[in-house]
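Here chain A shows up in two complexes: once beside chain B, once beside chain C.
Then we have the complex of A and B:
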């Protein structure tokens, strides 16, 4: 054995410290030599090396991101199955920056054969290919969290899942083969489990637990604001149990999957759709594959495109395709259906906000649905003003939420934060430094609900600044601002009136005494004069 | 045919406008129904839907990004083949926001069978798996540019490549099958081509051409600063030809591929390496697979880890792995070799900067190599002060470069910009508002060269803020700052001296006249007195 090794050992000395067997001189690289090294990169290798793109750049953020991905999946699964979610989040400190995070839900569970793929493979899932609002969308999150755990601790991810009473509870221990982006099953057993149905995932990872605005605690608090129908039990690393009770028993409105809207489809996508459709002629294709295209609209589009409704789909060349795209932009088409998106609702939003930020005044707004790049979305905003709990001076606090998930990082890069800055709050009676957020005892909430939230990175921390989205957010904030202004003005009026009232009750009796002495009035006459004057002034005050 | 269609047509009316055949009620989704929809997502689909992650979020940025990716590849290929790069960049305006961009190089060309993969498949390449400085690293860029072109115009990418004199020139037209992340060859022919060797890629895309700080023109100008050995011919969309001549005939130093450094390898990666190594025992493994591990260092690591150097690699369990990781952190290991990284060089950097920003004073610094997460890197900084061309008042201009590629977007998110803000420029005689960049006639250049630049997104626009990197940048800026301070002080001293000199020559003659009149001196005596006084004062001045 020792002999075998010698062949790979380099001699001692400066030259030796970097043993470079088979090292290539790169001076005369050729097309042939390069070709020998060109090969596939697996998506797992890519994200393992670039894990900061997924939110695993620091131990603190990694701990939060792993929990977030698991909670997102749990809530999505419960809601799709029509189950009111009750989740248990636990963070155990193992010392030396090692933690085990686990999230258990009461959802429908996962079929045994899907467990390895869902937790052990990047880019796998059910939400990417459909147009429907959900927290997860990419099929990366939870498997990336497991991969991060494996990279930093070498430990496999543990999953327990049961799909119903009387069915077996499966316990998996999984790793990702990053070179192949495939799950590796370490163990697979049936176990006793006290839950009737649901899924529990546990990941050992390198992390850091801290309090503050980007903590697990804060994330769960904001999750409760955005999801008043969820019961969260949090077992924190210090041994405390924190419970966020439901403030409503009503689940969010069910959302429907929709087809793409013609205005949101790009030329290249249209080309691919034409290849795949089962429809034979153009009008049929348009009606079949898109939302908001009736027979009439399909004919309008064909007319505007100068194409025949009966034109054969398989014979559409590049020229026809360009005409079709042009025809679509020229035709008036209804906005996409919005039953694919469910807002939190004005009342629920205030209820959630109120349970976390006690204040003197609340306002909220749910905007009508709008569309960016063919994707329907709804913006909601709320604000809480005044109260003991809020700082009277500092900058307002901005809570950002996307599809009911709180966003804690990259505030400056987020379209909703930028919209807060761009709104002119001085119009509504709040001070605001130039180019900054308003100042004072205010908390502002912005929620975007959409079938596809355009995040600026895979880690889903900030919303990209599409003009349509920014516009809607500003409008929602303005609506809240106007409500606040009315409150502030009426409060000012009340205060002015109170002050006048105070003058009257303070000075009139003295005037009465003065008059009695000057004019020699009786006490009764004095009373009458004071009463008359008070009445006069009160009427005037109103 | 009309009959067939009827079955898929929905009746007219509100309910009809969104035809939803096969629509599922999501109220009672189960584990089984969900499993039916869970499936793979191809990496092309993922990035097509998320193309803003790759820098294709707006037509203007898309035009620049496509050119950038092609230029990066061309320069990398030329340098690896030891060819002094001469590239031709062309932007043709087709009207209606359509452009054809093309980039041609004099590189080694690409083997015929690799052309489809390199241009028609995401995550394919030769640079991802090695540790060596290059512009490209991910194997995504150029195929993503082609995919963007296809999505927005439906047109295939065109590639011409020849690997040498006498060899055929291959002309390909390619599309990406996004569902499978595979190239689709539209046509493949041999053609006449006047170049001996090299590659030309042309992409038709939706874009926008504008002047300014984020324009193609600016990008090419900065590319010339960072690559003084490159000859760029730019045919702009207005019919002008702009040539950036070489300011040196010397190519950058050749860089070597290195093995990973033990301190940069995470537990999970170490685990995978142990599985794959051909070495049988621990000491052999350490010497074989890492840089800077001699026989002696390997033994030191084993001793610190309390493991036997002869321990069998295949029997290393989790406990041994943890010990090994601990042993590595306890052992003193030389920094990684730095011949994998080539700086631009202090002189070349000033030469490049000088050719674009005429100024009164230049300073530059190349820092010694440093390491973050096991990756060697070198920071360079330069500054240009004063001169007619620079604004006397506004904020300083910051040019950011990574592996010789200028970065034009996401300045605020970039570690090198943040380092400029954090440096205390007032120490060096420049005004600087609190929390801002310095003010005045200054241009600052920061270059990071590394085997792996940690970008904040796939679009490679900003460098992530690793403390080690930020530290090095600040040190480099401070060095430039000190040089500037010396210049500014000596200029101030010169100016003070000049002022004193001016006093002397202005007032002494008058004093001479006064003395002559008061003391009745002769003209000769007066001259002598003035001369003596001048001499005295001059000496004093020094």
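Then we have the complex of A and C:
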């Protein structure tokens, strides 16, 4: 990249190094020499170098992330179109570390001209610019997966999409120009395809398939828990087919898109919004671009900010901006509407959990909507207790889900996990080591649904610990815990009664034998003694 | 049984009528035990037949349910009873008690006996032998530890109100040694004939008290019985044949005397009208556990204390006063010793109203020291038998009652 060194090492780094001399003196840079190398860094280029930020740091994780991004997109698309999703995930091993992953959905398909941009350009998407509950947020994921594939194998991404019966199925092969962050179309043909509508994306990449807590298999399992309305067919690299059936025919409730709440907007975003708005004056801007800001509230904000409601938006400087931000915090503004967030639902969550984790008891709780930094969210928790499949004395399994997407990495850094640790499970009849997750045959599910889930990084692995969120999670877990306690104590009662029964039938015959020997009773009399005593003790239970 | 035998040490040659045989107070036959067992069983069976949950009424064993009358001179059991009604919680011990009673009945019928450990193992036997009453294993009702079977046995003994030996249970303990001018008249188990045992004829060894002492007869020219706490002191006394010059019978209790030891000393003292002196360490354990049990019985077996104690026994030493009189080397009293002494003054029916004893125990606590009976060795190895014992024997007023 750096161009002028003629001698020794050509470092990719920042500083030019002088030709080797005896006293080896640094030649200091000048503004001019530096300017010669200063230029735009494309987003794609940046992510190509920092792929760990997007979850492609190891071959194993890359395989999972690529599938995850594709599945997220498919499910979002289906739900927005009101289609019950049926997806087919396939992982094929081409030998050694080469894999082809493909994800096919029955969604609405993608318009031909959009295909290259969606799959071949980073930060292109429909979701970043709005506040709506969806799996994808930034529009990076799937194109980053394609780019990762290209970087490791040199192969283009393949896309087939059809928008409806009678419409042609388009087959694209795309590469990404990382410098320009632009798709390069390798080929574009119309083909025969047996699906009426939907999209299939296939990426060849370097990966590693392993079983375990962070495997593709586990991700799909948990996806089935969080999405009981989805039919997943999984063709694994060993040739096996695993099908997760729908446990409900009900699609998730439709959610509204909302405008940002004033409290959820940071200074930089506010600045950008000011630039883009069509409103002329400040009060109009506030009313048009934010939720819960009426004329009255807009005036209140302006008053608190000591700005004129009629101030021109285009002439707002930095000082005014700061004043505005402060004014917002001083004004009492109604919480954002909550119809923009849809929970999985207590019943559905139990169904999903029940279809994947067989257990003796299920409990679930959906909390009422709450707000962190102007963003509405809903916390749900569920647990499955007992059953053959769950380890009786190991630590509980914690499944973290955000907007119906399972989170498999960075458990310890995640607010959901920390909340599970902070909840006092001993109150509910399960053991818990100090500072740890509870022990026992339990699977705990925590779901956060929000228009904006605050992840700790772009790879969307852990939820940031806002106190409001943590608080809600703990409350949800406590509610589940209380239900579990009721179950456990009633089960204990039943077991006690059973044990009593066994105890009685074990020892009573000996009273019969003893009395027979002492008093020379007949066998009939001995039986009568045991019978009578059994009746007496069963009636009398302390 | 009756088998012809070659002449053994002749039983008939008891010249003097010194065989002072007295009624032994204790009914030796096992019939009353049998009657009581079946009586209890009938009570249980009656309850069941009339549709009630049966109960076991077990006298509470312990100092809290014991009274002491100086006139009688021994512990008598009170009327506090723990009533154990059959319920889910009690079904196991209840079943074990009933089976224990049946086992005892079988022992009586077959004129056999069993040690505590043997009872424990019998219950563990194969339950398949169900047809043989009394000897079949108890299956799930068997005991995990011997502690459990011992407790059931003790309860049963108290419940039936007879002594364990009558029920066919014998303790397998060391019952102590005896030496001195004494002829014990026993029965040879092989021949059934009487034999005489000369307690002077054991050389450096001694006669061991058997577990079952009922029916023993005695002949002696001794003037008193000296029961000592430790085997070590017994060795010293026996090693110098102290009993010859002292004209006494010596016995080692080996800590708290066993029932057989107590019964033996009692039978001997009654039969030959001999005074009994007890020689223990000078500490609360020696007084409150060893001496008290020998003299009036134990709280645990108060229902039979009448026969298993020696009410006229006296403590010859080592008394708290002896510590001063003989300038003996001492050890400081530990907290648990002090507690034991204070407990005795407050709760032990024997010590409670016994002025000389209250005084002695308080004296000891105040001095804050205890003394061992072997401490006399500090004044010379044989000081205890050459000086201390003769001096104390001349001064009954310096003994404790």
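Quick notes on this one:
Everything that follows uses one rule, which is that the second predicted complex is superposed on the first by the 403 of 542 C-alpha atoms of A that agree within 3 Å, B and C clash if a C-alpha of one lies under 4 Å from a C-alpha of the other, contacts with A are read in each partner's own complex, and residues count from 1 in each chain.
Rule of thumb we're sticking to: contacts are C-beta pairs under 8 Å (C-beta built on N, C-alpha and C of every residue); 3 or more make two chains touch, one makes a residue touch a chain.
In this text the structure is predicted, and so the values were computed from the model without any measurement.
Look at A:519: by the touch rule set out above, it reaches chain C but stays clear of chain B. After overlaying the two complexes on the shared chain, residue contacts for A:196 are found with neither chain B nor chain C.
When chain B and chain C are set side by side, the one touching more residues of chain A is B.
Residue contacts after overlaying the shared chain place A:532 against chain C, while chain B stays out of touching range.
Applying the stated contact rule after C-alpha superposition, one finds that A:97 touches neither chain B nor chain C. When the two structures are aligned on the shared chain, A:471 is found in touch with neither chain B nor chain C. Of the two partner chains, chain C is the only one that A:508 touches; chain B does not reach it. For chain A in complex with chain C, the touching residues are 500, 503-504, 506-508, 510-511, 513-519, 521, 529, 532-533, 536-537, 540-542. Put simply, chain C touches chain A in their complex at residues 37-38, 41-42, 44-45, 48-49, 51-53, 86-89, 91-92, 94-96, 98-102, 105-106, 130, 133-134, 138-141. On chain B, the positions that touch chain A within their shared complex are 1-2, 4-5, 8-10, 12, 16-20, 23-32, 34-35, 37-43, 45-46, 48-50, 52-53, 57, 77, 80-82, 108-111, 113-114, 117-118, 121, 123-126, 128-130, 132, 138-139, 150-155, 163-164, 178-179, 254-259, 266-269, 271-272, 278-281, 283-284, 287-288, 291-297, 310, 318, 321-322, 334, 336-337, 412-413, 452, 454, 456-458, 464.
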